[in-house]
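Look at the two complexes coming up: chain A is in both, with chain B in one and chain C in the other.
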Partner chain A sequence: MSAFLEVTDLRAGYGDARVLHGVGLAVPQGEICAILGPNGAGKTTLLRALSGMVRVRGGIRLDGTDLAGRPPDALARLGVAHVPEGRGTFVPLSVEENLRLGAFIRRSRAEINADLERIYTYFPVLRKRLKQAAGSLSGGEQQMLAIGRALMLRPRLLLLDEPSLGLAPLVTQELFRIVRAINEEERTTVVVVEQNAHIALGIAQQAHVLETGRIVLSGTAEQIRADEQVAQSYLGYRV
Partner chain B sequence: MSGSTEVTSKAASAETPGRGRAPGRAATVRWRWIVAALLLAAACYAPFQLVPFHVFQLSMVLVYAVALLGLNLLVGHAGQISLGHGAFFAVGAYTAAILLQRVELPYPLTLPVAAAVAFVLGLALGLPAMRLRGLYLALVTLAIAIFLVPLLKRFEPLTGGSMGLTLAKPAPPAWTGLAEDQWLYFLALAVAVAAFLLAHSLLRSRVGRALHAIRDNEAAAEVMGVRLSFYKTLAFAWSAMFAGAAGCVYTWVIGFVSPDSFVVTLSITLLAGLVVGGLGSFSGPILGGLFVMFVPGIAQDVNDAAPGVIFGLLIIAVMYVAPTGLAGLAGRVTRSIQKILRKE
Partner chain C sequence: MVGFLQQIVEGLGAGAIYASLALALVLIYRFTGIVNFAQGEMAMFATYIAWQFTAAGVPFWLALVLTLALSFVGGMLIERVVIRPVEGAPELTVVIVTVGLFIFVNAAAGWIWTFLIKDFPNPFPAGAFEAGGLHVGYSTLGILAVVGLVMGLLYLLFQHTRIGLGMRAVAANPESARLVGIRVGWTLALGWGLAATVGAVSGILVAPLLFLEPNMMGGVLIYAFAAATLGGFDSPVGAVAGGLIVGVAETLAGAYVGFVGSDLKVGVPLVIILGVLLLRPQGLFGRAVVERA
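For the complex of A and B:
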């Protein structure tokens, strides 16, 4: 039986610069997969490849559908939601407008309104800021907005790029707790790229360590966490 | 923690009040409609108080405002650039003129035809052009504006060549009891109001949200399912359509078209007018229309020898005092007056 998300021999890059040299992954439905690794390893490029933002060679299949080579808007229609690094907030638009834009591909007003309510239960702070310009939110709130906006797509696959970037430790913890809750309640499959390995391994079932465009280590979150050598050379902390 | 976010958010919203998205937004929107209604009432009253030449000038302000509405969709709301907007204005003007003179179509019918021709042309040119960004797009649209004039001079049997075409202006129906200039003014006003309502409803729709998303963050818009090339091309075609409609009314009001009325400078003046009026704002196109109509004349009065220099200096001065355009300046002044009133 093949996995929900199956990536085989994925190669991608920008112009002449190759960034990914044959990456393979298999994520079962409803699981969280953490991608770890140092700066410049190709983590962001991997996510961008999964959401169609860079040209790829190799295979990407989601629930049996071939995703490789499709443009980002087509992938959004197939249920891939990408929360980009730096959050991609529409700064001058209000919080509500940002969220509604997340449901751009959907038509049913009633469903969209119901989903807005659902998102406010995950992120109560967003309800308080509805009419406020999204650019006036704090970093943590903007990250919550970005994830909420991605959920408005009703994604089958949620891609999170460094959600902890620039956030206070307590805010990061809260954010990952919510991501875990979303994953459990909606059965959304999640691929999360993180520098903060500790916190990512805390919610993931499986993890992969990426280095210079190749996966150098794969395993369950526990296995990766237990690997002393990994901890020192890639993840930057001692167990 | 929540206390500090409260403070930062307040500070930030105080810094960007021009967006009008603070909690009092509903009130601002209501005020905006009240102001619009008052302006409309004043606009209906004005032609009975002014001499014909001034009525004509106001008609031209409305014509430019319609063209700028279109440009505002593209530049202010979708974040693209066009240095060729005057070309679509000319296409609308010539379409109306040719239909009136060669086909002898009743003039009200020339408006939808001129708008449609400009729309289709915008679609055709936008399809390849909108794959480009920034400076490249600016160059391609500039090229459209540049090659139009020689093209118009070329097909003399149709366009009248360098001499242009002179036409009879639409005559006021007897029941109105209006003079010709007043009738033309009300035609322009009707088209302008319709254009404003159309642009407003376009922007409030799903498509309007897509345009804002493209302007603010292309990559994020794309991953949410917004097809960039489709919506950019659509925005370009719409902007051309408004320009075409404006051009048609121009022909009605002036009764004459010639290639030299639509040189590249027109496109650039329109863009400057929009930026000065206020990009992406509600009142920007009207203020821009006033600017395009009156400021070159004022520059001429100030210094007969070098009106271009004065015009340029005035643009610089406005942008220095009001970087968000006259609309932004007006908003700032209104808010500070409100603040003073509230204190008392």
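For the complex of A and C:
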């Protein structure tokens, strides 16, 4: 039996510069997979490969469908939602327009309006800012908007790139609690890249450590948390 | 006083034409960051097509609709064929491509229709509407109405349709637009099609006032540049306001500033462009670029 998301021998880069040298992953449906690793390891590149933003060689399968080599807009139509590093909101557009753009490829107005309500229950602040330009939101609010926009796609696979970037610890905790809730309620499969290993391992079932374009360590979240080397490098304490 | 108001009315009429071409420039700039030097020539070419229809006996308004539809398709084709290959190339490369397009379209029009001037039918009745000594030509009223209509339609498109929202998303952040499933390439082509259509309107409006010939739009393009610079290259509302202001300034300067007269008034756009670039480079309505990390 193959997993929901199956990545095999994935290689990708920019021009001549190879960044990923054969990455393999398998994420069962409905699970959260955390990707850890130092700066420049290729974590962002891995997510960009999964959403079609960089050219790839190797295999990417989502529920049996081959994703490799398709452009980002085609992957969005297949249910891949990517919240990029730095959020990627449509800054001059209003909060509501940003959210509606998330559902650009969907047709049913009634469903879209119902989903907007659902997003507001996850992120109540967004409702208060509906007509405000996205660029005028605080960093945390923008991150919530970016995740909300991704959810408006009704994704089958949600890619999150460093959602904690620039957020206060309490806001980060809240955000991860919501990601966990979304994952549980909607059974959305999530791949999350995080510098804050501790908090990512708290919600993930499995984790991988990426270093210079290769996975150097894989396991369940508990195993990775217990690993001494990871603890030293990424958790900031010794076990 | 009536004389002064009269000049303003004339200026608004001329300004509306600059505004429509400026609007076309701004549309393309917003979507692609490209200043399309060939915008005026594309408009001129469209005007010839309209002329060809009317010369073949097609009623004016039908000829207009056909021409606008052809301009739309033509604009999209130009994006696909000429602009697409240099997408992402350095700015200078793209500028040179649009200058090349300018020369090509100009030469093509001369080759097809010769450089002899042609009379272009005026769609509006002659004569004027009079109020308190003020003469407002039906032609001026017509031009203002058409440009107002174009603006209104664009507003509806951008603010109240899904396609318009998608276009604004592409202008704001093409990468994120792709991630939500928007076909960015087609959207850019759509922007060029729209701009070509809006530009065609300006050509068809100006042709009855000037004569139709391949170099007809040269002057108008300069005024449109002044209008877009004044209003802010990224602001459609600014383009229209800028066009009207430039039209009025030009007419007033020609009438009241002794040494300017009708010969030197073509210097007005240059003065405006320089002044704006020195004092407020983002224009009256443009956004200064402020990046938030």
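Note that the second predicted complex is superposed on the first by the 233 of 239 C-alpha atoms of A that agree within 3 Å, B and C clash if a C-alpha of one lies under 4 Å from a C-alpha of the other, contacts with A are read in each partner's own complex, and residues count from 1 in each chain.
As a working rule, a residue touches a chain if its C-beta (ideal position, glycine included) is under 8 Å from a C-beta of that chain, and two chains touch if they have at least 3 such contacts.
Values in this document were obtained by computation on a predicted structure and should not be read as measured data.
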Chain B and chain C placed together on chain A: clash or fit? clash
- Based on the superposed arrangement, let me know which partner A:132 touches: chain B (first), chain C (second), both, or neither? first
The chain contacting more residues of chain A, comparing chain B with chain C, is B
I'd like to know which partner A:94 touches here: chain B for first, chain C for second, both or neither.
first
Requested in this report: Could you look at A:81 and tell me whether it touches chain B, chain C, both or neither (first, second, both, neither)?
Outcome: both
**Report entry** Contacts of A:73 with chain B and chain C, given as first, second, both or neither
**Finding:** both
Practice prompt. Kindly classify A:149 by the partners it touches after superposition: chain B alone (first), chain C alone (second), both, or neither?
Written response: both
* Could you tell me if A:51 is touching chain B, chain C, both of them or neither one (first, second, both, neither)? => both
Practice item. Name the contact category of A:40: first (chain B only), second (chain C only), both, or neither. Key: neither
Answer with first, second, both or neither: which of chain B and chain C does A:169 touch in the superposed model?
neither
Clash check vs chain C: of 8-16, 26-34, 278-286 or 332-340 in chain B, the offending stretch is 278-286
Note: overlapping chain A surface for chain B and chain C spans 51, 53, 71-73, 76-77, 81-82, 84, 88-93, 97, 100-102, 104-105, 135, 149, 153
Counting only contacts in the complex, chain A reaches chain B at residues 51-53, 71-73, 75-77, 80-82, 84, 88-94, 97, 100-102, 104-105, 129, 131-133, 135-138, 141, 149, 153, 170
Listed in rising order, the residues of chain B that touch chain A in the complex are 1, 5, 8-9, 12-13, 16, 19, 21-23, 25, 206, 209-210, 212-213, 216-217, 219-228
Note: in the complex, chain A contacts chain C through residues 51, 53, 71-73, 76-77, 81-82, 84, 88-93, 97, 100-102, 104-105, 135, 149, 153
Chain A partner, complex, touching residues on chain C are 162, 165-166, 168-169, 172-173, 175-184, 287, 292
